[in-house]
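Here chain A shows up in two complexes: once beside chain B, once beside chain C.
What follows is the complex of A and B.
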């Protein structure tokens, strides 16, 4: 581990996994500023939009992961630097050839219905449940050759071939452990238990009034003695952003997260003395936003034109004036919060003059209205700030002679047109999942050009990029993967298949007396078993 | 009007109503399928991850892999047995989803309706009795203001004044979650939460009823039979109540009938601003999620209510004004 930002997930770090944990606990307590945890109190917060279901794996929307992360748990959780830490697995080891992972479970893990959670539940969840329902986990779990439980507290996975980022998949947001006794042999998607999630997490679902609130209560048989500290968590469903801001301002809720508060309201809350505004806790997701470009349409297929577009956009302006400093400007296709980000691979900087020169060089001269080319841009229907972004982009591109016609749509329409390649440009953002093989590769390799959203819908083809991603995927050594990803980043910033805009983050705003809110690389998705109200 | 005539009237109207509702259902079914995208694409979009197998699995689970006419036939067959279907997205029956929201919706729209109707007619009568005087002008101006102000703006102002400045009333929700109140305490708690949304929703309609009632009262007050009553020495209060008001109510009832039919539909705007767990939001969110069964279920319930209230309105005419016969 030479680079401090790049903890290797390889054997060395993994073997140290259990040992590293107590050190991180100290960090947690430092965050609590030396205040001893206090038991009691109910956390009132907000969830937007309301999740349709709370069964992780069957539904994987952001809000589902946030609430479900309290009800279910994974084998590991991830530190802010995305090192695996013990959760349901107390410790683990990896064989020298990188193919055999042996997990030892915690003592006394109990599901909310009182049944014990054993190695059988883990094997069922990993090899059957998530393989069947969860598109994200499936791609990785199919690398498992066999899964065995030599005893009720030990699980051994043998991979077909080494897979360096394997442990990342065992966070609750990707592979939650579900009860075998309720799901085995059933139709998982239509299981009658889907309205009453049963997990091992510190909180169980107590009441859900649709359109009103989700109430979680303490799981009395939680495997960590004396925890969780909170008596419960109430997620209120508040659809209007101004009503949400008001609820936080008046203290009716003590915390907001994800999309609850519009970026332009954040400065107002930063100024309130009783509130803390955190923007960390999104390291695993590190959503990267970009202008998605359909390479099947001229002149968008020309790398020079795309580079001119990139030169026309002031990403600092976007980060500071539209997102008010929540998140940071993108520099490459691999976010700086994930391993393998190469700071020396930099996309074209903001330089409208250069953009104009490139367009001149392409023979695209301005007409009488100053227009060199016209493109359409489908707006991302995820709220006000995204509309403002499109409007900014229209203006910025018009400055260099590219006229942009904005098209509006709703979520269903947007996904459909994106999936069917029926767009010229649009805004998109995609989670990175802590490793380029898991979250970045899918956007750029030609084998993933599919009529499905969040694949290589741009239609970008570069054989060299394909080869580098494929090698990095199968390479067991972290350092060798780093070299491959550096190379692929340099290729991509030269080609500009997409115009990257922002490494997004979402503000978590909470009362200062609420402690230990963000302690992991998944932030508000974590179990909250250590969150408490200081008196 | 005999009982036989009434029965024949009801039977005839019911048959007509059934065809209207059937037409509405088929029309809506086709209409919402014209919106681009489907529930599977929404789920993929909201999850930020998908593969072709996942999309195919979802479409099969939702029954979207069958031809459209077959889906329509299945839906019609279900609806004839009063089965509103199943929301695969939420893993709940549509009937239970609607049933869960219905009490909150009826409480809000009912309270707003009663407030608007009673308050509006009272204001209208008061204004008509003082026509041209300052009280009349004041009522007219207030009514016009509420009529012209966008409903969400009224809501935000009320919240600002009563929740933020005065801190008298909660700004959102239907009751204090987690307080576990029961009986009278619970009822009072709900009432406190109800005041602002009901006022917001009611003020617009109050303005309409006030203006309708005032105009109608003035028109009737000029007619010969009122002058005759006055000449006969009937006390003024009785003239207003029996002779004028009763006749002036017909246009008010017409409008109230239309509004009552929409009570079940809820109000998307007010429910959104006040986070009220009503049917308007359920329908709106179902539309965005392309949760077809839920959306059709809400449409079906609303259509039934409109038809029923049209019928009730027609019957009420006959009660208020004996010259009107049901036919």
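What follows is the complex of A and C.
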């Protein structure tokens, strides 16, 4: 099997340079490669499942973010290394004490209804709209003490205390800029304009036939002159995965994304000469999967037992055989695609002998059937591949003498049992949101042991880990935060509170003549104002 | 018995069915000998076509042996078919016998209750029951039994209605034998033939139901069954057709064999009926 990551790594290396000098935009790279952006053409693609509505913030599901990312924009966009790049904000500065952020907006930003977008719209979006409708943004925006607009093109946010990952929240997926003149003083969730989203993005909603397609058309007054290059984008709603694969194969669509194509179909498309398969562009989300372990149950409360479990699992096998090379094996609790990943902190490697030795050391001797201990595993009811994963884990753990009984549930039952701690082990995956404080801390700190899904449902308690995460949260210096997160990763890989499995990725498959598809750390969620069909 | 066997033998299809069934039974018994390892064990390279790398019927997406899965799955299918049919017969015969013998209001009440179950599509009810009880081998057996007893009740009731007015039953009543004794020793043995024929077909239906439940992911996740194998192979059918085709053939053969045997039993137990149909020479 070919390694799908190598072309992606190449692109990442190129972009690392671009990120260092944000003025060199990807269009210039395209020119440097001898391909001049060409205006025209409509991109046909797929969206699965159909979004319920397209107002970002009010709805934050994956498909909504993908389509809405073309209609709305944030102050910044994020590079593949999650550094902020200019979007609606042309530039910004941070005061030396890390509390005052001053943004300067681009010239001539115009909403789809022709009204200009000013600092007032930004302040409304940040301090009122998203504060109310978007819980993930609220957790960070609450740190704003005051927001001011000294002139129509300048916005100044003053924080109550320094918060180093503050800029991450200004990406379109978390804090899209919405028009104040349509929303101020209304019920945001039931505003009559919610059926016709009005943003500043390069594409406006032209037609939406429910259950059939969403058609976006070029916003003629877009603030980047000459852009976007595409005349429009059509998102077709195709509920059946085999029909989606067929549409891509026959060229009816020129791009697929997210869950459109099942992992086992990916090798087939990798072999097609006119298609490119990319697995990057998910760096902000960086979903990490793991075996969730309930520490309230014996012998799962013993770190040695969890270490043995980690030694028993071949994560390369999972990545190659179950996910067909889409995504990569996990090495630590912080995904390698996010900031502050420490490559030297490595979880126990695949070594069944070591696992058996640890279990022997614990006094867990195999009985006549070769069983040392029995545990239960609740399957993650998200479809085929997750069932295969639990079947693999059962066999892998059985090899070292841990008998696993699988329990199957439906989605509602899984969430309920996870939230109520009514499980021994299960499989889980969680978005990391680009910064450990935003997406990792919640799983390990004892203050977040709650009867709510996606908190510290494992019940892991380590005072040192709590202290390190708290320090890193309030530390204004990135480098000091890096040291704190390195320390916490070393503690966690030693304790193995969870057995991390995979850094998940989703394949973006597109025709090679479609250029600049993935240029940011949010991939297909970006505005697509620089995407074009090469002739 | 010799007479029974002679009549059964006349139906060539039934004999073939019985031979296939014997082979399937043998496979179930010999599975641990033929494939002395767990069917879940990953034994080699995934997606090997049949005949390659030591996989007789190919390997699945995790490198598990499809042939071993089918052999070990035979036991599960037959177990589910047998136990759930036995449970359904227990419910169905009890209710049918009481309804047919008691007649009157008791009969009315039992038949309304039976009709209530018959109006609900049986597969949908089975799916709901398994989903409520959480999927496991016992919940599947219970669900299949619950959806398949009504036809038994109706057949048994009809037999009892016609038999209870015969002279030998009246004689037994005059002799003062208890109702339970009459039901169990006088009427039931005479009503047995249609029950036996029906039950052979019920085993086939139960196997199909279990396969359909497993196919939908409602099977016991700890047991390798044919329906589970087809369900897990369905999504990769373009890549590995053998993952779904061979378990499908196994289900097809088993169900066909049971139907053939049922037909043969019908001929053997109801010779007059068979003769009228022209299945047996007069």
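Note that the second predicted complex is superposed on the first by the 503 of 535 C-alpha atoms of A that agree within 3 Å, B and C clash if a C-alpha of one lies under 4 Å from a C-alpha of the other, contacts with A are read in each partner's own complex, and residues count from 1 in each chain.
The rule is simple: a contact is a pair of C-beta atoms (placed from the backbone, for glycine too) under 8 Å apart; a residue touches a chain by one contact, two chains touch by 3 or more.
Note that the coordinates shown come from a computational prediction; the quantities given were computed from them, not determined experimentally.
For the composite obtained by superposing both complexes on chain A, the positions of chain B and chain C are free of clash and fit together.
More residues of chain A lie in contact with B than with the other chain of the pair chain B and chain C. Once chain A of one complex is fitted onto chain A of the other, the partner contacts of A:118 are absent, as it touches neither chain B nor chain C. Contacts of A:388 after superposition: chain C is touched, whereas chain B is not reached.
With both structures placed on the common chain, the touch criterion links A:237 to chain B but leaves chain C unconnected.
Once the two complexes are laid on top of each other via chain A, the angle at chain A between chain B and chain C, using C-alpha centres, comes to 40°, given in steps of 10. By the touch criterion defined above, A:405 reaches chain C but does not reach chain B.
Touch criterion met: A:59 reaches chain B, while chain C stays clear of it. When the two complexes are overlaid on their common chain A, residue A:189 makes contact with chain B while staying clear of chain C. By the touch criterion defined above, A:262 lies against chain C but remains apart from chain B after alignment on the C-alpha atoms of chain A.
When the two complexes are overlaid on their common chain A, residue A:49 makes contact with chain B while staying clear of chain C. Closest contact between chain B and chain C, by C-alpha atoms in the overlaid model: 8 Å.
On chain A, the patch touched by chain B and the patch touched by chain C overlap at residues 409-410, 413.
Taken in their complex, chain A has these residues touching chain B: 42, 44, 49-50, 52-53, 59-62, 133, 135-136, 138-139, 189-190, 194-195, 209-213, 215, 232, 234, 236-240, 242-243, 246-247, 249-250, 252, 409-417, 419, 430-431, 450-455.
On the chain B side of its complex with chain A, the touching residues are 35-39, 41-55, 57, 61, 88-92, 97, 100-101, 104, 156, 159, 163-164, 167, 170-174, 177-178, 271-275, 277-278, 281-282, 285, 288-290. Taken in their complex, chain A has these residues touching chain C: 241, 262, 264, 268, 321-322, 379, 384, 387-388, 390-392, 394-395, 398, 405-410, 413. Per the touch definition, chain C reaches chain A in the complex via residues 38, 40-42, 46, 61-63, 131, 134-135, 217-218, 221-222, 232, 235-236, 238-239.
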